[in-house]
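Note that subunit A is present in both complexes that follow, paired respectively with subunit B and with subunit C.
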Partner chain A sequence: MMTTKSISRDGLASLVADLVGGGTEVIAPSRAPDGEVEYRRVLRFDEIVWSDEMPRSSLKEFFLPPSEPLFSWRQTRSDVTIEPVPTRFGPRVVLGARPCDVAGVAAVDAVMGWDYRDELWFGRREATTLVSSACGGVDGSCFCRMVGLSPESEKGADLVLFPGDGGHLAKAVTEKGESFLSAHAARFGETTDEAKPVADANAGLGGGVAPADPAAIRAWLSEHFEDPMWESIALRCHGCGACAAVCPSCHCFDIVDEPEGLLEGTRRRNWDTCQTARFTVHASGHNPRADQSARFRQRVMHKFSIYPAKFGEVLCTGCGRCARACPAGMDLPEIVSKIAALAAEAVR
Partner chain B sequence: MNLYQPHLVRIEAITDETADTRTLKLGFLDPDVASTFDFRAGQFGEYSVFGAGECTFCIASSPTRKGSIECTFKSVGKATNAMRGLNEGDTMGFRGPYGNHFPLDRMEDSDVVFIAGGIGLAPVRCVIWNTLDLRDRFRDVTIIYGARSVSDLVYARELEEWGARPDVRLWRTVDPGGESADWKHEIGFVPAIVEKAAPKADRAYAVVCGPPIMIKYTLPVLERLGFPPERIFTTLENRMKCGCGKCGRCNIGPVYVCKDGPVFTAAELAGLPGEY
Partner chain C sequence: MQELRDLASRLLGDGTVGVVVGYEEGPRGVRPAFVTDAADADRLVFDRRCVQNLAVYLSPRRGHLARLGKKAVVVKGCDARAVAGLLREKQIARQDVVVLGVRCGGVLRHESGNGEALTAQTVADRCSGCDCREPRLADHVVGDLPPSPPVSTRRADRMEEIERMSPQERWDRWQRELQRCVRCHACREVCPMCFCERCVADKTVPSWIESSPHGRGNLAWHLTRALHQAGRCCDCGECERACPANIPLGLLNRKLAQVVEERFGYRVTDDPAVPAPIGRYEPNDAQEFIL
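Right after this comes the complex of A and B.
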């Protein structure tokens, strides 16, 4: 049985001061210099934005940075020496994250851990405690319910904050969440309160977003790799990859060498996306995904068919950022609900 | 050391196969890696030149021959051109082995038919030597190899060696017009030579690697000869970066070529979308 405690606003402020003072990095929704809310490193409680504004990018960059060194090399005549990068990281707490964003981190865990363990990803994961905050939803692009989550879902979180009497209830979800409660026991109080339900914004904003049947969608997709729908959907797509950049669960990357002068340099991995034309080009020039409809289909297939076939869940947390970021108005919530309807029809 | 940090390897020997195709023999610098490194026929690795980046090929030598590995590559891009610029004694990077392998255990006590075109002989060469080094475990061994022209045939010395062996049936061919004045072997496309060689399908496995067009026209010939698609193996070569199921680049439908492949049966290929 996991513990639930309470914490007041003042308690949260002291908690942030304790963490920062103790050398823990605190990441929370905060205002960037341009006024937009994003997940940022904060030093004080009053930098944290506790509004319904959706941070513009997901938590992904704190575990899989947009560009990160894998190692450095130095060459002397015929010999090469390699300087490894650390795979252990300092303690970090993410505070007040969206449930869809912590769920995204958990979804990528599966990919980073099957057979081969990505030490850079898990080094950061192990050093980080994820404290999410039940969400009021944001706008009509939110569709977490459609993909089986909710504004109160606990997937991926170590500790979840719910609105409660005089502050928040803090519910531990993992052992790490329990340890966090004990380590900072002075800031938490006992409670017998029930968590108050957050406003179910998804239902209203999303035009009555209903959970879709992931198995039916997967079955439909496996039968409709070839379908005229893909071409008509992708007509609008520029292939810019903005959707993948803001996505909490898209994790594709490139590995490139960046020489610094002739004799040394760094091999890095950089975010990449299946939406660009060169992503799959063979050395011969042959491109297995030669047009945008094949590339957009891959994005949908990976999220709702390929990943589910391997790991049982979908690779989408319904945050809706892809729809908000798309310069061409591509709308994944709409596309998924269309596929869900076709799938439901096929089942009937 | 993380997953993406390569082992350092030293170039021990360089063999030019054709004008643009070269084989490197690579020895691991770390004695622990050198003594423990092992792989199975068909597996691949990420080879790198520091400053130019990584490229993906099969290991072209046989796992029965320990101490070093070989790769055969054509200079086509940034990394392979940089690899071609290296000399004997130079250091490069290797990580692997990755992927599945040819099921040699299952192929024992059967005939094995190797069919390759052009540089497609590289992954097949690994299985050929693996088979020949354990020769008494297999029945008839047939090798059918073709290239566009005589100067495009790779592993020339080994072709002579295989051709001279009484326990190997070797068919060599070049495309019409690709023959030289002293060419004594077949002239014709690989599928036609497979038809002519007509290997028996009974208790036999086929391994087919080469350009997509060759594979496309060879598979129907094998099926006509009676090879069931479950006993025809090939390899896929989708673009990869990580090689180990993370970077999301090599998917074909539900399959990760880097983990579920690179070795597939013709039956498995028939069930996949054509994104390769």
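Right after this comes the complex of A and C.
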């Protein structure tokens, strides 16, 4: 049985001060200089924005930065020396994250650890405690329930904050969450209250979408690789990859060697996406995914068929950022419901 | 609007075109629509939320769209500058496309506007001082001529703010803006004038522009993108609207447009017969910058 404690607003402010004072990096939704809310490093409690605005990017960049060095090299007359990068990181706490974003981190854990344990990903994971905050939905593009999560989902979180009288209830989900509660026991109080979902201020949003049947979707996809639907739904898609950039669970990367002068350089890994033509183009010039319909199909297949076949769950947390970011109005919630309807029909 | 729908229906019905590219209601406001059946033409809408520049779909790179046959495309007067650009640069031939011009009194900055009114605060930057409410490069023009859009000084103010900065401040400002870039290249993909078969940013042997989203790579990409748009950018603002990192790319484009106008007396036009400076040499061209 995991512990639930209470914490007042002042307690939370002191907790942030304790963490920052003790050398822990605190990451929370906060306002960027251009006025948008994003996950940022904060130094004070009052920098944290507790609103229904969706941070513009997911938490992904704190575990898989858009570009990160893997090692540097230096060549001498007879030798090459390799300078590794550190794989141990200082302590961090993510505070007040959206449940869909911490669920995204957990979804990528599976990929980063199944055959080879990615040292950089898990180095940052182990150094980080994820404290999410139960959510009241953002807007009509939220579809977490459709993909089997919910605005109070615990997936990926170490600790979940729920609204409570005069502050929050903090519910531990993992051992790491339990240790966090004990390490900061002075800031938390005892409670007999039960964690309750956020009153749905945006009734019908986020939580209002009916769950789809992931197994039926997977079965339908596996038999409809050549369906004419792919041609028609991807017509408006520009292949820009903004969807993948803001996605909490898209994790593909490219590895490049960047020389810096003649004798040294850095090998880096950079975000990449199946939505661009370059992703699959062969050295010969042939591209097995010749146009955008094939590329968009890949995005849907990976999230709802390929990843589920390997790891059992879908690679989408229903945050809706792809729909919000898309300059052409491609709408994953709409497309998933369409496929779910086709799948349900096929079962019948 | 019915005029547009009837026209689209007729062009599809009599086989003049295989697809009409226009606007429809989507889950988050209006979005591009691809109507291939005359009976579906009633999906088409046009109002102040129709911010997207649909000329991008005329690019010969869009293979799956080309398979639908000859295209008709709905354009606002400003979007017609992109159609002219594609004609001028020989990407499409005039007979390959039916241009459906819509009279326009300005659009919002974002497509998801929930019916908000056009005001100096909500109007798209390019609409201020619009001189093309009546599309000129068009096979058909539909709709009534609305009044001029409200005038906003938003972009001019931002330009002025940057002009007033010292070189160091300006450098720091752009470093800060560009550091958010994750190199998704949405700015390129939504641009009707970015039609290269192979973008210089995608070349790897050698890698002219590092693909990493670090300071060096981002600066190289954004300088190259902006310079390649000099005298070509049709000012549709799609790059800035598409950017998931909210980088004010329109300011860079605008600055280049001003420089081109000052030096070459050229302003991007919807007349494809007027050559752009990039494709034209005059013996008296200013060239003191050539070493």
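Going forward, the second predicted complex is superposed on the first by the 339 of 348 C-alpha atoms of A that agree within 3 Å, B and C clash if a C-alpha of one lies under 4 Å from a C-alpha of the other, contacts with A are read in each partner's own complex, and residues count from 1 in each chain.
As a convention for this text, contacts are C-beta pairs under 8 Å (C-beta built on N, C-alpha and C of every residue); 3 or more make two chains touch, one makes a residue touch a chain.
All of these numbers come straight from a predicted model, not from anything done at the bench.
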{"item": "First (subunit B), second (subunit C), both or neither touched by A:G90", "value": "neither"}
{"item": "Touched partner set for A:V256, first subunit B, second subunit C, both or neither", "value": "both"}
{"item": "Subunit B versus subunit C as contact partner of A:G166, first or second or both or neither", "value": "neither"}
{"item": "Touched partner set for A:D79, first subunit B, second subunit C, both or neither", "value": "first"}
{"item": "Which superposed partner A:H238 touches (first subunit B, second subunit C, both, neither)", "value": "second"}
{"item": "Which superposed partner A:P211 touches (first subunit B, second subunit C, both, neither)", "value": "neither"}
{"item": "Subunit B and subunit C contact sites that coincide on subunit A, given as residue numbers", "value": "254, 256"}
{"item": "Complex contact set, residues of subunit A against subunit C", "value": "33-34, 36, 56-57, 66-67, 140-141, 231-232, 234-236, 238-242, 244-246, 254, 256, 258, 268, 270-271, 273, 276, 278, 290-293, 323-325, 327-329, 331, 333-334"}
{"item": "Interface residues, subunit A side, partner subunit B - complex", "value": "70-71, 73, 75, 78-80, 82, 84-85, 87, 111-112, 114-120, 222, 225-226, 251-257, 259, 262, 265, 267, 269, 272, 274, 279-284, 286, 288-289, 294, 298, 301-302, 305-306, 309-310"}
{"item": "Subunit A contact footprint on subunit B (complex, rising order)", "value": "1-6, 8, 10, 48, 50-55, 76-77, 80, 87, 89-93, 212, 237-239, 241-242, 244-249, 251-254, 259, 273-276"}
{"item": "Contacting residues of subunit C [partner subunit A, same complex]", "value": "26-34, 52, 56, 62-65, 67-68, 111, 176, 182-186, 188-190, 202, 207, 210-214, 217, 238, 241-246"}
